[in-house]
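Labels for the chains are A, B, C, D, E and F, by order of writing; each one numbers its residues from 1.
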Amino acid sequence: MDSPINTHHRLLLTGAAGGLGTALRDRLKGNCTVLRLSDTADLGEAGADEEIVQADLSSAEEVDAMVEGCDAIVHMGGISVEAPFGAILQANILGVYHLYEAARRHGVKRIVFASSNHVTGFYKQSETIHAEHPPRPDGFYGLSKAFGEDLARLYFDRHGIETACVRIGSSFVEPKDRRMLATWLSFDDLHRLIGACLSTPVLGHTIVFGMSDNAVTWWDNSRARHIGYVPRDSSDVFREAVFARTSAPDLNDPAAIYQGGAFVKAGPF
Amino acid sequence: MDSPINTHHRLLLTGAAGGLGTALRDRLKGNCTVLRLSDTADLGEAGADEEIVQADLSSAEEVDAMVEGCDAIVHMGGISVEAPFGAILQANILGVYHLYEAARRHGVKRIVFASSNHVTGFYKQSETIHAEHPPRPDGFYGLSKAFGEDLARLYFDRHGIETACVRIGSSFVEPKDRRMLATWLSFDDLHRLIGACLSTPVLGHTIVFGMSDNAVTWWDNSRARHIGYVPRDSSDVFREAVFARTSAPDLNDPAAIYQGGAFVKAGPF
Amino acid sequence: MDSPINTHHRLLLTGAAGGLGTALRDRLKGNCTVLRLSDTADLGEAGADEEIVQADLSSAEEVDAMVEGCDAIVHMGGISVEAPFGAILQANILGVYHLYEAARRHGVKRIVFASSNHVTGFYKQSETIHAEHPPRPDGFYGLSKAFGEDLARLYFDRHGIETACVRIGSSFVEPKDRRMLATWLSFDDLHRLIGACLSTPVLGHTIVFGMSDNAVTWWDNSRARHIGYVPRDSSDVFREAVFARTSAPDLNDPAAIYQGGAFVKAGPF
Amino acid sequence: MDSPINTHHRLLLTGAAGGLGTALRDRLKGNCTVLRLSDTADLGEAGADEEIVQADLSSAEEVDAMVEGCDAIVHMGGISVEAPFGAILQANILGVYHLYEAARRHGVKRIVFASSNHVTGFYKQSETIHAEHPPRPDGFYGLSKAFGEDLARLYFDRHGIETACVRIGSSFVEPKDRRMLATWLSFDDLHRLIGACLSTPVLGHTIVFGMSDNAVTWWDNSRARHIGYVPRDSSDVFREAVFARTSAPDLNDPAAIYQGGAFVKAGPF
Amino acid sequence: MDSPINTHHRLLLTGAAGGLGTALRDRLKGNCTVLRLSDTADLGEAGADEEIVQADLSSAEEVDAMVEGCDAIVHMGGISVEAPFGAILQANILGVYHLYEAARRHGVKRIVFASSNHVTGFYKQSETIHAEHPPRPDGFYGLSKAFGEDLARLYFDRHGIETACVRIGSSFVEPKDRRMLATWLSFDDLHRLIGACLSTPVLGHTIVFGMSDNAVTWWDNSRARHIGYVPRDSSDVFREAVFARTSAPDLNDPAAIYQGGAFVKAGPF
Amino acid sequence: MDSPINTHHRLLLTGAAGGLGTALRDRLKGNCTVLRLSDTADLGEAGADEEIVQADLSSAEEVDAMVEGCDAIVHMGGISVEAPFGAILQANILGVYHLYEAARRHGVKRIVFASSNHVTGFYKQSETIHAEHPPRPDGFYGLSKAFGEDLARLYFDRHGIETACVRIGSSFVEPKDRRMLATWLSFDDLHRLIGACLSTPVLGHTIVFGMSDNAVTWWDNSRARHIGYVPRDSSDVFREAVFARTSAPDLNDPAAIYQGGAFVKAGPF
């Protein structure tokens, strides 16, 4: 399943200048004929088979222009860390509304939405959850992602727009601490997961946890197997090194107990 | 369980000028020593043991002043029908944030939040759901109520503020059509339910469907029995009359099939 | 909810000469304008607002004529006790196929199908089951009823014909033994249940256990509350008398342990 | 269902001198021909149709003599409050083993075992649990009752001895505090429940929560409906008085949050 | 687990001339000493350790002769595509009755029954189901297989005959379209699965989905792990080629949405 | 994940002279700096980085001395076969109480408790169970292990001591019979599992089945994935040999049907 399949003519990647956007920019080229990149930050020159459309998610007009002409969307844009409510409101709540309205107007029928494990950050690290466990957001950021998932559900039930809400764990080059041994998602597995979401015949409205094939995990993707995501990386190869450079967690600290980690204590409030 | 118990000194009722607010204004007096009423619309003169504090939910300052000094809140305010996204965003999304921030600052520990059956309006009328079924909002209004429920969850997990999210069915003097035979909540039962939420020793974060003891129902409150809500009214006494003046539903019409009724087709989009 | 509501113009009652058919013949008149009665046995004279159409369920032609012109069907016909497979095959398997084919051809959109507790007769009397527990038929009769339920599901999924599969317990004038204290369904409650099935706005494909409000029960109807069935009778008034004239069950006897009672041992095989 | 039915010739009541034993001594006479009473404490004179057999549960011989000749057992004996482990071990762990061994030897086939809500005392008061939730005992007493339930399961699976494990809430003349509004079991309802356990045709190994028909409840008996227990009392008539003489719970206190109440903090360790 | 284990002396393979029968004819020889082959079509010459018994499933006598002397049965016979009801009734409903009656008479205690994914064809391709989801047959063929599963359950509960109902997906040399990427079962995996059913110490009455280790799947076999089936093939090696020669499904077409594929629209009715 | 990580300074291994204790003695050295060994039987000379402390579990004092100074405990001690109740009571019931009291006094916060598949031995071999299925012990031994699991739960809820209750299947050099093909746990996998329990950041109170990656299995560990146990061995390599030297089970024998095997019939009673 590893070589990407070209399933869409013009694919929009939002948040293309961010960490994950950058990791996906090259990888997604095999999934489409034209890759349209968007961000508020600088994206450099458009490469071969690339288009660049700057857009601010809080502007309905800019979002509309960004979406027009696309067949599918990988929405990595918006704020991806804890932030004051007002900023979250603009980028992640108003922004996701603008995106789906534009998709509805322009007939885009499939979206991969970057949700987050912080939608369920207040579950304990000793609990296994699946996608139908009720949200327990660990901050405004997680709350806005829960909102996006529900909005996507509405646009599926009313307009037939299919969405994969990918609750991304910790997608970095490698896991940084013991918690990330559970939450790690390699860039290649992130790409595999998005490719599966884009190509599976029937996606529906699906929530899937974005993680590699880690030994320790808190998330159960057994209800999302119609996507066909098969991770090929694992945090286990980093396990010994991570243990060597970190110490055992203090189980009196909420950041050590809850799945959201430090997010459960973060933020301006 | 019928006579209300005075459990709080100063109780805030928002949306006090609306349909349900008006129905509750007299009824809630037995639940508190002082009833503070708030709305943007005119509330008339403050009666005995009443206070009036006008406030716009989209203003952090006004909401703060409204909440200060209260022990508990019954939040009926905001928009309670389908409306354009921008209006919903101000009143129901920003508004509920303002409310909980004020509650946090002023140490209010218990809130009854008027949620709605439109959080799950895209389930079918032949399905029985309980509070842990994933949201399937039938419009922006229902979506904003799902957001409020998740935000309340966050303030419980992080700040210990208890909330009952009451998914109100159809609270009117009597049921108007066949669908409302299932969704009807009498004003007295609405008051009983709120009184139970205010007085139960441990509320936690709880979602409860607001309905009377109707024969036909789609909602299962068996996980909210710690609230102690026992309805005493029923739509059944209106059944014969409702059938006489209405015709059988057209099962090709989404408004007839889904729990949300006409809301599944309503709205400006 | 007790007085029946006239919801259909011409209602077909099959098996009208049987025990339950006879009990329903008068009671169902309030539910329709014209009651068409059918059986292979003699039905006497047609009364006011009655029609009589003799039909053998194993004959496609006779069933077609029986169904033509009707708006809804209460299907009590067929064999209702354990019998040799060949007889069951004709009356209950081929017969139910003929009935639904006729309903499909003639646009009948709602059927109440007399299923049986013998679909699940091999569960123990100390188990509580609901409609989604897998079938465990206790003989050919129960097996044919499981078949009818599945066939009704097919005609709902493909043709939109709604069916209530009523798994009738023991519908007699009064409970005859200790087992029937659990399974008893009074004739009036049987009629209430059928009336609810005919009048609920959205029926879907629903399985409901047919029992009165007995203290002892093995069946959970909580997923069929959209029907609005509220029993008003109870076997409890017969309890003392039944205990006085019967002895304690021998728990080494399968007929005493399983829900199906003597059916688990009955039959020609 | 209210008048007791004589279902057994000689019925043994252990712990007959305790609070519940005393409440049951008169009430159980209708359920049997001869009521054998046992305790280590003085039981006074044997009344009509009574027998008295003193026995210490930690003595295999005394327990054997106590059980011999009986048809069924209502086991209220042993320690019913938190106590040092050694005492619990003798009375409740060794004691229940002696009881079931004696029952096995003498062919007693049905036992009502007084278990306790303290088997699950570490669930929160905002959670609804049923009998299959894993035990979360709140002390040695609750732990010993969990042991008794498991031992009863073994004797059912291996020897066919049926047991109802009745997790008694708070069985007193009236509820003493706000927690007991949820947990209260009137003496009459206790008797109704035991009578149902003794008379239901097939009991199996069943766990049932012992509570009256209280508005607030944390326990779900829907899987034990084959017993036929229908409570007729309710704590609700005491609600107003209890609220008047008690204050709101401190939700920082484990004793206020958990179902076990003060037991979660009690005990010698 | 790959080399077959000889677990039975004489093993009967019905439908031996069909596509799967042919694929199994050689493969099953390692599982038995004598392989008896049966079909209505020509089976050629009996090979070494083979026996040939022609039989029409609708004939009780021929089925009885076919079964006599066997130790176990792999029942691939009957109609395996959608067909008129009358034909299905003879081959698959009457036929499976004849087979189990013969097994009962001759003491055959283990049967592998070729059921079908069309028992649940009306679930969506975005749903994951397990064996206890209620049947949603997509036609008469699927309906007859649901009947066979229920009949097998009856013969297990009453007569102790163990059956594995194998809901075969798409067993061909390779997957033909995008749907079959999910449903594909290689011939070798089919054989592995049947071998596991024949050799597992305790089979009980079990439903298992017959699929290879495909990335995309809709079926959850986690409740059938006592069989010990471990697939070794996967449709993934065909994925790129299948995508290259097929186009994206039209999600307005039921055949594209439902698990049963074109079967949901097939058939003479 | 294979090379053990040194997570604790002084690790106590009880039952160190037994079969599993011996297998673990060398293997656990990599998991700690000092391995303290305890048993009532002779343990030979203390090796490098070993300490030996003889202790009888029924003696509070000896257990206290044994535990003092340790950081974590692997509790393999006590009786590990069926035995008379009195012996079980001393070693496994009183013993486990002594152990946890000592842990509480000395601040030990993590324990791996050798529980047993005999806690659930009365489930059938055709059933798949997970850790939250209610206990169905197959004898006094299994009953005592259920007690230990519940006691560990109490010490977690009240004192924050984390425990992994490892329900060990059959841990031998190789599987001895067909049942052990399902229950087998290699010594290396046992060590991997214990190492995972010792090192996972948040353990909580967790029940996990101890088995290798066998094809046939009855146990579902999907709720214990936060431990990070990944077995690397499998009974499948022994399958052919086991089948060759054993015969098919007699399904009329409880020892062949139930998961507990011969234990369901064993014991002094």
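The working rule: a residue touches a chain if its C-beta (ideal position, glycine included) is under 8 Å from a C-beta of that chain, and two chains touch if they have at least 3 such contacts.
Labels paired with UniProt names: A, B, C, D, E, F = Uronate dehydrogenase.
Since this is a predicted model, take the numbers as computed values, not measurements.
Graph distance from chain B to chain E, where chains that touch are one step apart, equals 2. Counting hops only between chains that touch, chain B reaches chain F in a minimum of 2. To find the repeat of A-B among C-D, A-F or C-E, check which pair has over half of the same contact pairs by residue number; it is C-E. In terms of their C-alpha centroids, the spacing between chain B and chain C amounts to 40 Å.
Chain D and chain F have Cα centroids separated by 33 Å. Multi-chain contact residues of chain F (touching two or more other chains): 222.
Every pair of chains meeting the contact definition is listed here: A-B, A-E, A-F, B-C, B-D, C-D, C-E, D-F, E-F.
Of all residues in chain C, those touching chain D in their complex are 124-128, 178-179, 181-182, 214-218, 220, 222, 236, 239-240, 243, 248-249, 251, 256-257. Within the complex formed with chain D, the residues of chain F that make contact are 85, 89, 93-94, 97, 101, 104, 122, 132-139, 142-143, 146-147, 150-151, 153-154, 157-158, 264, 269. Put simply, chain B touches chain D in their complex at residues 1, 3, 5, 7, 109, 160, 162, 196, 199-206, 222-230.
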